[in-house]
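Pasting a structure here, questions to come.
Chains here go by letter, A, B, C and D, matching the order in which they are written, and residues are numbered from 1 within each.
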Amino acid sequence: MKPVCLVIGAGAGIGGNVGKRFARDGYHAVLCRRSDEEGLKSLVSEIESEGGSATGYILDASKPDSIEERIEAVEKEIGPIEVVLFNLGAQIGSRTLEDTSYKAFELGWRLATFGLFRLASTVVPHMVGRGKGTILVTSATASVRGNKGQHSHAAAMGGRRMLCQTLNAELAPQGIHVAHILIDGAVDAPDTLGKLLGPERFKELREKRGNEHDGLMLPEKMAETYLHVAQQHRSAWTHEIDLRAYSDLAWWNH
Amino acid sequence: MKPVCLVIGAGAGIGGNVGKRFARDGYHAVLCRRSDEEGLKSLVSEIESEGGSATGYILDASKPDSIEERIEAVEKEIGPIEVVLFNLGAQIGSRTLEDTSYKAFELGWRLATFGLFRLASTVVPHMVGRGKGTILVTSATASVRGNKGQHSHAAAMGGRRMLCQTLNAELAPQGIHVAHILIDGAVDAPDTLGKLLGPERFKELREKRGNEHDGLMLPEKMAETYLHVAQQHRSAWTHEIDLRAYSDLAWWNH
Amino acid sequence: MKPVCLVIGAGAGIGGNVGKRFARDGYHAVLCRRSDEEGLKSLVSEIESEGGSATGYILDASKPDSIEERIEAVEKEIGPIEVVLFNLGAQIGSRTLEDTSYKAFELGWRLATFGLFRLASTVVPHMVGRGKGTILVTSATASVRGNKGQHSHAAAMGGRRMLCQTLNAELAPQGIHVAHILIDGAVDAPDTLGKLLGPERFKELREKRGNEHDGLMLPEKMAETYLHVAQQHRSAWTHEIDLRAYSDLAWWNH
Amino acid sequence: MKPVCLVIGAGAGIGGNVGKRFARDGYHAVLCRRSDEEGLKSLVSEIESEGGSATGYILDASKPDSIEERIEAVEKEIGPIEVVLFNLGAQIGSRTLEDTSYKAFELGWRLATFGLFRLASTVVPHMVGRGKGTILVTSATASVRGNKGQHSHAAAMGGRRMLCQTLNAELAPQGIHVAHILIDGAVDAPDTLGKLLGPERFKELREKRGNEHDGLMLPEKMAETYLHVAQQHRSAWTHEIDLRAYSDLAWWNH
C-alpha cells in the first residue's frame, strides 16, 4: 500500500504541484480544494496519466468538521496519512484598519490558524500511534512581520507560526516532523496571485518577471523542497525554512 | 481636563499598577476588569487617596460590544483617550494538544488577538481625528516562540504581535504610537500568576525569589517603563521592548 | 560624589546628548570622542553652564589600550562608573563586496564589536565588585538584518548584538544591566549622518523631514530613553529596545 | 569536466560527509582541513573507492592568503567552483568574560566571520563571471542568540549570519545562491564535538543518545539537505534553514 500524502488546499499553485511531486515519488496523493471540480479532476487525471495515483475532494475548510471528517475518511478508506500539507492561505489583499471588518479579521484566523489546529488535532493522534508522520505548513512573510494593510493576514499567519512551534515542541520527540515553510515571494499561481491581481496585472507580471521562467516562484520547483523536507532523516529535521526567487528581495531587505 | 488613560485588564498586577502610575502623573485612569468589584473599588480609592482621579468598570471583554461600548462611553462622558493599555492575557497553563479543546483554542484568540483588534478598530478613529494617541500592549514570551503545551496561548500571542506590527505600520505616520511590551518573566501578580500556581506555590515562589523584593518582576516598577514609552517624543518611539527581572533568563537562553 | 556616566563616542548626536541628559540628572559625564577638541570643550562648557559637571577626553578607540586606560583612569581619578554608553558606530556607507577591502571589513569589527568587548572586559570587573552597573549599547538596524552594501557594517553589528546577549546572560544575575538599543532611523546628527551624506544632502534632508523637528530622530529626545533604561529597577530590566521616528518605516516593513 | 564542490573545513563530521555526498552526485570534491593528513587521505580514498573523485589539501585558514590561494589554484588547476561549503567553526567551549582573552575573542572572528569574507571576496568574482554559483555556510545556534560563556563564539557567528544576509542581498540577483544553514543540535562528529567533550563524555553521549542512531545529528543525513539546497532551482531558493535531531529541543524552547 502506498503511503498517503494529503494536501489541504490543492489548487494550481503550490498545493497541486506538491501533490503531483509526491505522487511521482510513490505516494498516493489526496487532493482537497474548495472549488473548481473541473480543475481538481484534471489534476487527478494528470497524476494518473503519469502513472501515479490520486484522489480528489471538494472541501470547504471553513465548515465545521470538514477537515476532520476528511482526515478520518482517508485514514479509514485510503490508508495511513504519512504526510499532510496544510496549504490554506488567508491573503485578502491590502486593507486599512477601517476597511477590515470583524468578519474579515476572524475569517483569516479561522482558515489560517484554527484550520491548522483542527487538522493537527485530528491527524496527530493517528501519527502518534504510528510513531511517525510529517506536517508541512505553507506560510507567508506575514508570519514574521506585520505590514501595512495586513491586519487580518498577519495576525492569522503570526498565530500559525507560533502554533507550528508549539506543535513541534510537543511532537518532534514523538517522531512527528512539523515544518514551517515561509514563502517570501510571488508564486506563479493563477488561483491565488492571479485572482489577487486580476488577469491583466497577472499577465503583465508574468511577462515582466517570467522571462527565463523564474522571476516568479515556480511551484513545481518549490515542490522539490517540500518533498525533501518530508523525507529528511529524523536526525536532521528542518523546522523553519524560507523560499524565494533569486530575483526577490528578502523581506528583511528592501 | 485631564488626559485619559484607559486600562483594559486592570487587575492587581501590571494593569492596576499602570493605572496608578498614570494617575500619579496627571491622567484620569479608567480601569476595566472582568470581576472582583471589591478589588476594583479599592484600586479607585487608592488612587483617589493619593490625590489622583480614576473610574472603574466591570467589563467582560469576551462579550460582543463590551470593549466598543466602553470606549465610546469614555470618549463621550469622560474625555479623549490619550493612552490605552491592552492588558488581557490568555495564559491557560500548559496543556497538550489532546487536552486543548477547540473552545479553549478559540478563546485564547478571542481574548488576546481579536480583543486587541476590536479595541483598535474602535479607538483608532478617535485618535486619528486628533492626530495622536498611544496604544500600549502587554505581551508575553509566547508572542515570539511557541513552547510545549502553549498551543492556544502562543497562537493567540503570535497573532497579537503581528497585529501590533500592522497597526504600527499604518498608524505611526498618523501620529499614533503602538508599543508591544514583551514580558519575559514571572510577574508578582496575585490575580494571574497567583491563580495559575495556586496560593501555596505562589507563596513559595515569592518566598524563594522575592528576597530583596525583585526575584519576581514587580508591577509597580514595570509601570515606570509603560509610562516612559507612552511619553516618548514622536521622533523617538519604541515599537518593541522586552522586560524581565535581573534574575530571569532571557527566553533565548536557558 | 556623583555617579559617573562614561560615554564612548560623544559627538554632537546621540553620545553628546546622552552625556548632557545624564549630567542634568546628577551624573558626572565623562565624554570621549576621537576628534574635534573644540566641539568636546564646548560640550563640557554647555553642561557646566547648566550647572552640571563633565570631563572631556580625546580618545582614539582603535588604538590598543585606549579604552582600557581611560576606564581605569576614570575609576581611579573621577569615581565609580555607574553607567557606560558604548556609542561607536562603524557605518561606512554602501559598498559592494568588491569595493570592501579586508582592511575596511576588519576595521568595522575592530571598532564596533571588539571595541565593546574591550570595554566590557575592563569595566565589568569593577561593576561586579560593586554588584551593579549599566552598559548601554547603541546599535543599528544592521545588527538584525544584513542589507546590500553593508558587508562590514552588518557583520560588525551582528557580532555586537550577539555579544550583548552573551554579556547579558552572564552579567544580569550579577546585577549588571546590559541594554541593546536599536536605532532604526536617521538621526539628526551632523557628525555622523551629516558626514555620510555631505553638507548639502544633509541640509536637504533636514529641510524635507525636519519640519516640526521630528522627521529625523532628535538625539535630545532619544536621550530620554537612554536615561530611562539606565534607571529601570532591576526587577524590570529591558535588554532590547528599538527606536525610530513616527515617520520612519520599521526595518521589517518597506 | 565535473563541477567542483570545495569544502573548507572537511573533517570527519559535516564537512567530510558533505564532500562525500557531492562526490557521489557527480561533483569533484576538493577537501580542505587544517590537520590530520592521514584522515584527509583516507577520506579521498573512500570517495575514490566509491567511484567518485576528490582532492585533499591541508589548509590553515587562519593564515593570510591560505583560502585565497587555494581557491585560485582550484579554479585554475581543477575547474570552476560551482559549490563551496564554508564549514569552519569557532566553538571554544564555555568561558566567562574574564576567561576570554582578547586573542581568543579575535580568533573566533578571524576564523568564523573574516574567513567567510575572505572566501566570498575571492570566489565571488569567478561566480559572477559565470552568472551562477552556490555558497553554503554551516552556522550555529550562536548566530541567533548569545548564551552565557559564548562571548567569542556568538559574536563571531552573529557577524557571520549578518554577512550571509549582505552577501545574499548583493549576489542573489546575480544568480549566486548563499545559504545559511543553522545547526541547532549536537552533531555526531568526533573531530569537533568529540574534542570539545573529551573521549569519555563523547562516548557516554553517543551511548545515551545514539541509540537508534539518531539522538545525535548524523552528518551523513545532514549532507542530504546540503545537497538539496545547492540544487534548488533559482526560482525557489532557501536562504535560511535550520537542522536539529527530532530529539533536540529547538533553541527557542528549553
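FYI, contacts are C-beta pairs under 8 Å (C-beta built on N, C-alpha and C of every residue); 3 or more make two chains touch, one makes a residue touch a chain.
Everything quoted here is computed from the prediction, not taken from an experiment.
Same-residue interface: chain C and chain D share over half of the residue numbers found at their contact. At the far end from chain B, in terms of centres built from Cα atoms, lies D. Chain A maps onto chain C through a rotation of 180 degrees [Cα fit, steps of 5, range 0 to 180]. A separation of 45 Å divides the Cα centre of chain B from that of chain D. Per-chain CA centroids place chain A at a distance of 34 Å from chain B.
Residue positions of chain B touching 2 or more other chains: 145, 147-148, 165, 168-169, 252-253.
Chain A makes touch with chain C in their complex at residues 144-145, 147-148, 251-254. Chain contact summary for the complex, chain B toward chain C: residues 165, 168-169, 172-173, 175, 177, 213-218, 221-222, 224-225, 228, 232-250, 252-253.
Of all the residues in chain B, the ones that touch chain A in their complex are 96-98, 100, 102, 105-106, 109, 113-114, 117-118, 120-121, 124-125, 142-143, 145-151, 154-171.
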